[in-house]
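Order of writing sets the labels: A, B, C and D. Residues in every chain begin at 1.
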Amino acid sequence: MTQTPSSQTILEAFVPRSNLQLARLCVITVVVALLIFGALRYDHFLSSYNILSFLRYNSMFMLIALGMALVIMTGGIDLSVGGTAAMASVVAALLSPYGWAVGLAGGLLAGLGVGMINGLVVTRLRIQPFIATLAAMLASYGTALLLAGNQSVSVSYDTAFTLIGQDDFLGFPIPAWIAIAAYVAGWVALERHPVGRRILAIGDGEATAKLMGLKVERTLFGVYAASGLLAGLAGVILAAQFGAGQPTEGVGWELFAISSVVVGGTVLSGGVGSVGATMAGALLLAMVFNILNFENGLGVISLSAYWQSVIRGAFLLVVVVLQAKLASARQNP
Amino acid sequence: AELPSLKKKETYKVGFAQTESNNPWRIAQTESMKAEAAKLGYQFVYTDAAGSAAKQVADVNSMIAQGVDLIFLAPREEKPLIPAVLAAKKAGIPVILLDRSVDPKLATAGKDYVTFIGSDFVEEGKRVAEWLVKNANGKTKIIELEGTTGSSPANDRKKGFDDAIKAAGGFQIVASQSGDFSRDKGRQVAEALLQAHPDANIVYAHNDEMALGAIAALEAAGKKPGKDVLVLSIDGGKEAVKAIADGKIGAVVECNPRFGPIAYKTLKRYAAGDKIEAWVKNTDKFYDTANASAEVGSAY
Amino acid sequence: MPFNLASWLSRYGTFVALILLIVFNAIATPNFLSLQTFNVNLTQVATIVIVAVGMTLVIATGGIDLSVGSLMAIAGALAPMILQGTIVPTVNPLLTLPLAFILPLIVVAMLGWFNGFLVTRYSIQPIVATLVLFTAGRGIAQVMTNGNLQVFKNDAFQFVALGYVFGIPTQVLIMIVVVAAAAFLVKRTALGRQILAVGGNEKAARLSGIPAQRVKRLVYLISGVLAGLAGLIVVARNSASDANLVGLGMELDAIAAVAVGGTLLTGGRANILGTLLGACVIQLVRYTLLANGVPDAAALVVKAALIVAAVYIQQSAGPGRT
Amino acid sequence: MLLSMKGINKSFGDVQVLTNAGLDIEPGEIMALIGQNGAGKSTLIKILTGAHSCDAGTIRFQGRDVRFASTAESQAAGIATIYQEINLAQNRTVAENIFLAREPRRFGLVDRARMQAAARTVLSRFKLDIDVNRPLQDFGAATRQMVAIARGVTQNARLLILDEPTSSLDEQEVEVLFETMRTLKADGVAAIFISHRLDELYAICDRVTIMRDGRTVAVSPMKDISKVALVKTMLGKELAAFTAKKRAHGDGDGNSLVNVSNLGAGVRVRDVSLAIGKGEIAGLAGLLGAGRTETARLIYAADRKERGSVTMAGRAADYAAPADAIRDGMGFVSEDRKVEGIVPEMSVRENMTLAILPRLQKAGLVDRVAQRGIVEKYIQALGIKCSSPEQPIRELSGGNQQKVLLARWLCMDPRLLIVDEPTRGIDVGAKAEILKLLRGLADEGLSVLMISSELEELIAAADSVTVLSDGKSVRRLASDEITEANLMSAMAHQEVTA
């Protein structure tokens, strides 16, 4: 950190200056490593079929991870994303006969609704996010089951609704386009728009942010609403891509999202975070699933589903410990 | 479009997209599929969707990417797995469905997939009800322990049973709650329901595990399972069949998880160019006091 | 001093909620007021309480433990394996029984310590640190048993769940002992004070000579042991151990019990009796919905609303507000 | 009249904090607001800005009756506030902190180039040349305080409120601040200035409002009230002034308790040697960032030392953790009460007995009788103002919190007490009490290492002073050499040689 300006080179840009940049570097390195590993080891790993279906499916997780990242940057958490997506998928499926736009809007509104309730419970009732969104998770699953009559609801194939999930645009899956658009918007909001500064300042300390004259409650409300909206969008894609609103889907999505966010270097206590690294984090974890499937296909060692969860746990462990080690190495060189 | 065909070969690379592995029934199914593949010398690609229909579609897609010859799919749900079936078809890979089917309105056997091998959950519930109607001995008040809310076996086993009971008349379902297909949850729910409805004298559980939990609950409440309260279930695992022999369970409809032999037999028939029927029915046994002791050994 | 409803409610809110539920049930639920009902509810709540007590201590240090359910599964998987002699050959049947208790508890104690190690050594945030074992722990239990159900019968072992001591079910007695010990720990011992200090201000605690890291590792270890104990009770109760399901979702029940009981998730406080009451409220809500035939889907919505309401009453005038 | 607050009442729970308090300010006037710790100054300010609501009273600002519901509203109405002990957003950059909530925009997005340039411009007015793109947490307390002030003055407010802005600033920095305040005053901006340093009030303020026990007891033009009268009104009694009689200490190494030689770690502490005699108050002086706190933390093993040695009573003091230092008879009162001192949710009792816990326990249990004895003794002895020992410490005023923290160590009966800025943010009355207390304890044999940025304090209380500059001990002043001139020249050491 005592570098003179003259020693600045292009390489300098790659030297991490903060833990966040370090985490980003770490996660990108691992993603690239996994890609190379997969490409060398498995035949069709980098086939366009695999890449495109990978993106089509994982766009849902990228969306909820983005919402989760925003919430976590404020120092909160949103456990309701899976339930919200499930409920939104049911609403979208139920409304899909009235046209793709109605289905889309319905799903989005359902998600937004849950997000707004979360926001209200957190800001007005001052209930801790963990509990507020835990309750919202239960309630949205309950509502989803009630609306769906305890079983999956078929979407309408007469309208264009399923195209939202199943079609391509310029040879690229529409869900992936949606996710990319959401991330671009998220990046602009966080890095370029004043609201991003507000989100991060709240994560730094809510009381302080309030004294600094920030509209803390409004921002928090907005962030939970955004997370709900993104989960709703994921729900719409869920319904459209699989042709059904699924009230029991989404279990464990919140943990996937939290892991992605953390692997992307966002700190759970708030105040620090990055949108791009969250996306890389989500891709990384999703790729682990994909690789496990391919590994099983090789037939060299047949991993039972149980070993897969052990491996996923171990992988998470390695990544976070690696990050922690690098961070402390950076601090005391 | 035509159903993709399967070349006749010495060995195949087959995919098996399992739904989940969190209960003995699924484990037995996977074991059977794997063991049979090993016996035949086939390459076996296995995925586990951990209870998520969406992940199962992704799993099927990764099998397609890996270029398997045929996919065995145990669809988690009727509707959401349609895209997987259609994607495989589009990629020229035949699909055989195991133990659950997909929505017949959206995909049909012989056109979109080869066939469905399995039993009929509605039928299972109905068979239990029919046995009950004959053997109730004046017992009428039923507690129903449902499977996981929203899952298709839970919905179908409920429908088959409830409809048949209603048609028979004279019975009353005093409570029907989910026990999540698990012994512990089934026991807890049974404990609560038995307290609230002490007059109940029949317990119908959607699987063995919950039935065994209910037996524990009955015993804790000082009631004699089989005598004071009649217990009925579906699955037919060894423990449950033994419980029939012990007089604790009245009757069990089998739902056999050993799909291996019939699955690969169907594959070979298809490769040989046979015309496959739309539904290859699994013949499910029925256990009650008449045959339980004799059959304990052969139950899965 | 004028009567202050808000502050009174925040102190006794959980208790009031419990009384209201009991009154409601006495009127609405058939056969509610019976000893057996009481018995059923107490035995069912025992494992949640035992786990939630450990969770309370972890939360008091400002942490959280998502791995409890998986640790229950591991302990629950080990005990029958020991009883059936699949891990350690049965040298002496007299030894098997204590081993079936002690070995699983030692294993989960080590895993709990490992959680604490990740939290203290690498400063990994507790949710993530314990997410590792949440994910991998159940997998380990499943791999050990190959996912198979283990059915067993051992009266001496199952005494923890099926026996009675002085007419009290053993698991209820264990629950009472655990609650009393933890309440005593928090209120009267130096360690309890240190736990709260670490959660309240770790830097200050360290500068005051409190071994903050050791204290943290210890509470995760305690949480692990209590989860393991609950796991043993569950499998003993069912005469069967299913690594796939033992303790599934327990972390959320336990955390909800802690929150409804009035302990803030931010650390620095631990209300053990509140946790007991909180768990009882959650159990009674569950019982009420079941006994009154509320369908599962609707029950979820009601449960959610009640959790929010209970926590809100709890903190409506509590010191959490500024 | 720019602002007029009248009849303000406020209670927290059962505690009445403000009773009929008031405050009037004319445009362009700088008003001093003083009172003992806990008199209610900060609370009054927070009511004005909308951070707290009041139970009764009226507020008129710029001719309108107002009652701000949030700080955002008061900011919009033209009131800029620099709160006491607030640290801004630590992870955000300096520029972002200055402009948070009112970023310059372009097409609705933050105009980062303009924001950074503007930040550099304001900071240069404060003679601060720092990288505005670095997170605030990379900077020291003084810099952070200056950033907070910069944030305040750039708000183009009609009224600027500064709640103890100078407690972590050195004299030059204070002068820079005053310069800015005078400029603003010339533009007609009014200010409320809260400080416990009376000289500063006389230097900059036009009038003074004095509060006592939640009431406004006097308002007077600054020049019409003498220091003595001011303090008397504020305390409600004569100040028992602290005029320590210093002991002529033989500096012989023979009876020194602690010897530090060539201590170092990282770049902040390079080479520090000092000795603390038995029963001596050893001062540690230096400019901000000279490495005083770091030195103390190394001695106490709060951080790990890399070079040099420390001995305590002749034996090597190579502790692994503060716990070892404590066992060896050390105590440490940190300069940052909020972050490193109090456990906010805990009661006065629990906070006070935190360090002594290991000694209070019998078979793992806390000996409650002994505990009560200690707590009562020190609440009495130090005159700690609290409603009961069970009151959460976060509800106490800063001065009283500090006394509790002192008691935390005094009850341990330590051999060496390290106090880092022990009187920061503490009123003149309490300050004198604390210094008297330390003196008394030293006379009974306690050794004290006192870090202070206030020269008068060192002059009045220390038996010897070691001066640090840039991480090195540059001079040791014996009792009779401790004068303002000597201290200043020693502290400026680096500038002279460099």
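The definition used in the following text is that contacts are C-beta pairs under 8 Å (C-beta built on N, C-alpha and C of every residue); 3 or more make two chains touch, one makes a residue touch a chain.
Chain labels with UniProt names: A, C = Sugar ABC transporter permease; D = Sugar ABC transporter ATP-binding protein.
All values derive from a computational prediction rather than experimental measurement.
*Asks:* Which chain has its C-alpha centroid farthest away from the centroid of chain D?
*Replies:* B
*Asks:* From the mean C-alpha coordinate of chain B to that of chain C, what's the distance rounded to whole Å?
*Replies:* Distance between chain centres: 34 Å.
*Asks:* With centres defined as the mean C-alpha position, give me the chain A-chain D separation in Å.
*Replies:* It comes to 43 Å between the two C-alpha centres.
*Asks:* Where the CA atoms of chain B average out and where those of chain D average out, how many Å apart are those spots?
*Replies:* That gives a centre separation of 71 Å.
*Asks:* Which residue numbers or ranges of chain C touch two or more of the other chains?
*Replies:* Answer for chain C, listing residues that touch two or more other chains: 142, 146-147, 296-297.
*Asks:* Would you please write down the residue numbers of chain B that are in contact with two or more other chains?
*Replies:* 21, 149
*Asks:* Mind pulling the chain A residues that touch 2 or more other chains?
*Replies:* In chain A, 145, 150, 304-306, 308 touch at least two other chains.
*Asks:* Which chains touch which?
*Replies:* Pairwise, the chains that meet the contact rule are A-B, A-C, A-D, B-C, C-D.
*Asks:* Could you please specify the touching residues of chain D with respect to chain A in the complex?
*Replies:* For this pair, the touching residues of chain D are 51, 70-72, 74-75, 81, 83, 86-92, 96, 100-101, 103, 105, 108-110, 112, 135, 151.
*Asks:* Mind pulling up the chain A residues that touch chain D in the complex?
*Replies:* Those residues of chain A that touch chain D are 18, 188, 192-194, 196-198, 200-201, 203-205, 208-215, 271-272.
*Asks:* How about chain D: which of its residues touch chain C in the complex?
*Replies:* Answer in residue numbers: 13-14, 300, 302, 321-323, 325-327, 332, 334, 339-346, 350, 354-355, 357-358, 360-361, 364-366, 368, 392, 408.
*Asks:* Under the touch definition given earlier, write down the residues of chain C that touch chain A in their complex.
*Replies:* 64, 118, 122-125, 127-129, 131-140, 142-143, 146-147, 252, 255-256, 259, 264-266, 296-305, 307-308, 311-312, 315, 320-322
*Asks:* Going by the contact rule at the top, pick out the chain C residues touching chain B in the complex.
*Replies:* My answer: residues 29-32, 34, 36-37, 40, 44, 142, 146-149, 151, 234, 237-240, 242, 244-246, 248, 286-287, 290-293, 295-297.
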